[in-house]
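Both of the next two complexes hold chain A, though its partner changes from chain B to chain C.
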Partner chain A sequence: MSAKHYTFRIQRNRKGPDGRIASRWVDYPVSATETTTILTLLEEIKGDQDGSLTFRQSCRSAICGSCAMKIGGRTRLACKTHVGSVANADGVVVVAPQANQPVLKDLAIDIGPFFERIHKIQPHLEDGPDTDAVLEQSAYDQVNHVTQCIMCGSCYSDCVMAEVTPEFIGPAALAKAFRFVSDPREGQKRRRLEQLSHPHMMWSCARCAMCVESCPKDVKPMEAIVKLRTRGLAKGLDAGPGPKHALAFHQDIQQTGNLNEFTLMMRTVGILGTLEELGTAFHLMKKWKIPSPLPHKSAGLAELAKIYEILEEHPLDVETKAKEVVPE
Partner chain B sequence: MRLDFAYYPGCAAKQVQKEADVAARAVALALGISLYDMPRATCCGAVSLRETKPAFSLAVAARILSEAEEKGRHLVTICNTCLQTLTHANHRFKNEPELLDKINHVLAQAGVRPYKASIQVFHLLWVITDQLDPEVVRAKVVHPLKGLRVAPFYGCHNLRPEEIFDAKAGEKADHLDRLITLLGGQPVAYDGHDKCCGFHVMLSDKTEMRAMVAKNCLNAKNAGAEVMITPCTLCDMSMGSFQGPAEKVVGQSIDLPEMNFAQLIAVAMGLDASAGLNRLHVPPYGVLSARGVR
Partner chain C sequence: MQSHDLIIVGAGLAGMRAALEGVKAGIDVAIVTKIHPLRSHSCAAQGGINAAINPQDSRDSHAFDTVKGADYIGDEDAIELMCHEAPEAILEMDRMGTPFSRIEGGLIAQRAFGGASFNRTCYAADRTGQVLLHTLWEQLVKAQVKVYEECSVMRLVTDREQAIAGVVAYDIKTGAVFALRAKAVLMATGGYGRVFLSNTNATTNTGDGMALALRAGAPLADMEFVQFHPTGLRTSGVLVTEGARGEGGYLINALGERFMSRYAPNKLELASRDVVSRAEQTEIIEGRGINGAVFLDLRHLGADKILERLPQIRQLSLDLEGVDAIHAPIPIRPTAHYSMGGIRTDKYGASPLHGLFAAGEAACVSVHGANRLGGNSLLDTIVFGRITGSHCARFVKGEKLRDFAASEVAAVKGNLDTLKSRPDQGVRPIALHHRMAAAMNLHCGVFRTVEGMREGVSELPGLREDYQKIHLDDHADDFNIDLLRAVELGHLIDLAECIVRGALAREESRGAHSRIDFPERDDAVWRKHTLSHWDGAKGEVILSHEPVRTLGRAEYAPKVRTY
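Right after this comes the complex of A and B.
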């Protein structure tokens, strides 16, 4: 494979005398084959062009998670990313530090706030009343989904909710929480789910699936969040607008086949919440964007009622299962 | 190629965003795409139903897909969330035969035709950009957009998770950009084109939702966009109707006209009576007439 010319457009960040980070973009020309990794080229730039360029790296094998950074608009591991896959049509590769985290210098960020969020969910097994007495063969079907996480922070860096609020716990911490909630040895499943039902926890995920795409280890954090919500609801933890909204969907489909959007808000945020939103409702009404209060029914609703009844009587386990991990 | 589809507009297009439905039907008719209504189809349940009742949500999806399959048609929708929900279920049915058997067993007991997992789920936009000859579309454009700078807002649920979709998805997706070019407009690149409109946290995290709307719209506007289009009725609601409430949260005027992709096609094709521009919160009249588009 022949070498091509690329331009690395790197965000250089330096703390000024006022303690604030000043950013500038600097271009570095490199020559490489399409499959050369970003990390190799960053090292070349540091070695041959500018020794002051700062970035983190360690294992070079997509195991340690140190070299996660924004490459071509998305957070990726520099050691795993081929230059040819992220260069734009002009051969430019845009490299910046992870987002939603404080920048220390150039491409290095303070990963501390990310780990504070992980610690919030008590990332260790706890004793308690919910420990299962027997471990079935299938006991780790769910746990194994999320143990691949290498804590690189990619999902948090690309999270659209983290972008607008530092309060959100973030995808990695929620995936980690799911790992404990679904572990048969865990004794505090209910207490964990109660904690996860608080504001800015599992119900604040916008379900954009950006974390599913960003994760370099295919952990699928959003899938874990959806499963956490199912487990919370199954334990009757339905306080707050998130669970109320989900339950309203289920009531409407079961009863009429379609959403009653007119009453959906009332059932999600209650009367007080609806009153708070009257201004918004008036704004929507200006363009006739208020749904009809009358339920609109689909044909064949008896079928739906029957399906519901059968599944309530004979529940089906339809959860996706992790592939069996066989030691080499 | 037969362009007959079972048409699943989704809940929003039936009521609050019905302008998208009207435009989609008019555009499809003009392009020779036949859309057949699905009288038995219910709400897809979105991820909400998957959270409350995972098995029921799959059965609901199978029942919808079966109605289209019975008529020998693939399903087409204009809502990203319906697209993702039905595609997610369909992807599982095609790859997990045991799961499909279990769900079909329930359907059969309830008197519903079992689903054979033989159909595909498409977005109407993909049908227009991937299945039609571009010349067929171009021939219908009577008011080319004359370089109008249009921000494509893809939304999340026609992009991710990439592996489930029957079209180019994830970072590789370019269908909205291609549509804009086809209509004579100029797609605007900006940070946020593949981010979230916040619709699904509109009620639970309302300040954050409005902040997402403001951020995406302002990024598009600062990149030079004169108008924004989306392929999703829910994104339309957020980026268009909630732009005003979002302005209040960020304390800044945005004023970026926003509409559904089908409305912009309708405008370019001269189908003004079906474009429904009068239902938009941030109307595009000014930017369109400045280009002599209407």
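Right after this comes the complex of A and C.
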């Protein structure tokens, strides 16, 4: 394979005397074959062009979680991303630090806030009443994907919910929580699910699947979140807008095959909550976007009933049809 | 000045396991680590961890395999201790929550590894180190151990009586240099793979703990024994686990021959690592490789088995070599992997320097002797992490804090400032590192010659001189990785000197140390450990030797090692 010319457009960040970060973009030319990793080239730039370029890295093999950064607009591990897969048509590769977290210097972020979120879910097995005696491979098979997590922060950096709601605990912490809720040895499954039902925890995810796409280790955090919710509901943890919304949704579909969006809001956040949202409602009305208040039934309700019957007999754990993580 | 009873330097498996023991014993223990604990290189261990947990296996057989694998230079008391403690150590990790792979009935699954007479390597798919590391970190969080994260230890401090008084650390995030007093310091800083140009190690594996101990007056042992792993990826050196051969993978040369039948007719691909690495190197030297590599062939295992048992390996080969192991053989070559040598300790992890302990890859206990068996080093970290941790806890109970001179902090600051402010004399740190590491690969690799090693020794003064000229681009205080790497390079040069001097002195071939001019093992003269000491007056490393700790058992008597 022959070498090509690329331009690394790197966001250089420096803390000024006032403690604030000043950013500028600097271009670095490199030449490399398409399958050279971004990390190799960042090292080359640091070694030969500017030793002050700062980023974290260690293992070089996608297992230590140090080198997650924004590459070509998405968060990826620099050590497993091929330059050819992220350069634009002009050979430009845009590199910036992870989002949703404070920047320290150049591409290095403060990892403190990310790990504080992980600490919040008590990331360790607990003794207690819920322990099962026998450990089988099958028990591991269902947590297998979450134990692949290397805490690189990619999912959090790309999480749209974290972007608008910094209090959101985030996909990585929830995936970690799922790992314990599903472990036969865990003794506090119920207490964990109660905690996870609090605001800004599992019900705050918007299920956009960005985390599933960003994850370099195929952890599928959103799938873990959906499973956590199912388990919470199964334990009767249905207080709060999240579960209410899910249950109302469920009820509509089961009874009519359609969503009654007009009453959905009321059933989710109650009358007071709905009043708070009246402004939005008027706005929607002006644009002819307010749904009809009258419930109408879909054709094929009988078939739907059958689907429900089957599901109740064989409850499935949800598998999201996440895009297979293809090698870059 | 901050103080603790025990300071553990390093948050890999050995460091974290030791810390938990300190907490259990009720002492004030803190960890200092230059990277977040979960970034420690223990996470990269793929294949597994040995323990005789199957009723048909035995601890004695594990000990015998280890004595033989070590080529009769491991300390037998420590080997027996490790192999006997192994099953309990694994079951304890299991109880803490490690998701080991299972067989039917829920027992921990085990696979074949090189040099073992039983399938005794427990695993979690091909990411055993990662799950062990995450489990110990979880326990560390639970125990609320104080961790100085992203702080690099720059100096070991002793008092007038040559006893440990603490460390000087450097906060990478802010650039602050600070003192930490302690009654004991435990080095769990891992290996020094970066001494070699082609290696399987993380860029942070710079053997800091060994170099700091050496300079503080503790001897390092057996530094000439460097394990070259038979299957590093051709371009990056990144590792393909021995588990791939344990699962049935073949090694083939450019002609498609399974060449191991000529070198180890019984064990074939699963002979001991030193044997396989030499076989590969011979194939390459004799022209039966392609671009300096031979091949690991997994194709006959089929897609299902590869995806279930070796998913990470397939992905790594795709990411780093552009080869899909399901359809094509993976280009591999022998690559520097593991340091059998390290800080000399007894079987409780105590070094001869009062108050200094070591565990894990940074230590030479010595359970690995001249050649480590695959799956024994994760075990070493867990078992000796525990033993050394509890031994330290007992030790500090009878100790007081020692005098810690304020000038120690000033001296470290001074060094860092000098490095930062040096004018540009045309020596870039990366170029100097490259020069040293390339020389080590050339002169101290799989096969060693007297001329090569002499050449290596003669390059040392020049390297040290140029080290005094390196110039940094980054002059900032905060997050100055440029500066950190310059300090690490100093450590690497010290360790390179220990390795090459030890190798030149050892006039025999044993385990991973293979000399063209002395192809045989010489038990009469050389069944002994090499100790390296820093001679401050001369400014160089000097050597001495020490007998192996043997137990006099008939089955441990040295024999010709065949596989």
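In the analysis below, the second predicted complex is superposed on the first by the 299 of 328 C-alpha atoms of A that agree within 3 Å, B and C clash if a C-alpha of one lies under 4 Å from a C-alpha of the other, contacts with A are read in each partner's own complex, and residues count from 1 in each chain.
Throughout what follows, a residue touches a chain if its C-beta (ideal position, glycine included) is under 8 Å from a C-beta of that chain, and two chains touch if they have at least 3 such contacts.
Just so you know, these numbers come straight off a predicted model, no measurement behind them.
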{"item": "Touched partner set for A:120, first chain B, second chain C, both or neither", "value": "neither"}
{"item": "First, second, both or neither for A:143, with chain B first and chain C second", "value": "second"}
{"item": "First, second, both or neither for A:12, with chain B first and chain C second", "value": "neither"}
{"item": "First, second, both or neither for A:190, with chain B first and chain C second", "value": "neither"}
{"item": "Touching partner for A:4 - first (chain B), second (chain C), both, neither", "value": "neither"}
{"item": "Of chain B and chain C, the chain that contacts the larger number of chain A residues", "value": "B"}
{"item": "Chain B versus chain C as contact partner of A:259, first or second or both or neither", "value": "first"}
{"item": "Chain A - residues contacting chain C, complex", "value": "14-15, 35, 37, 40, 46-48, 50-52, 54-66, 80, 82, 104-105, 108, 110-111, 115, 119, 122-125, 134-137, 140, 143-144, 147-148, 150-151, 183, 185, 327-328"}
{"item": "Complex contacts: residues of chain B adjacent to chain A", "value": "11-12, 14-17, 39-43, 45-56, 58-60, 63, 92, 99, 102-103, 106-107, 109-112, 156-157, 159-162, 170-171, 191, 195-196, 198, 200-201, 203-209, 211-212, 215, 237, 241-242, 244-245, 279-281"}
{"item": "Contact set on chain A toward chain B in their complex", "value": "73-74, 160-161, 163-165, 168, 200, 203-210, 212-213, 220, 226, 229-230, 233, 240-242, 245-247, 249-250, 252-254, 257-259, 261, 265, 268-269, 273, 277, 279-280, 283-284, 286-292, 296, 298-300, 302-304, 306-308, 310-311, 315-320"}
{"item": "Partner chain A, residues of chain C touching it in the complex", "value": "35-36, 38-41, 43-44, 95-97, 99, 101-104, 106, 124-125, 127, 130-131, 134, 138-139, 141-142, 173, 202-204, 236, 238-239, 312, 315-316, 318-320, 322, 428-431, 472-476, 478-482"}
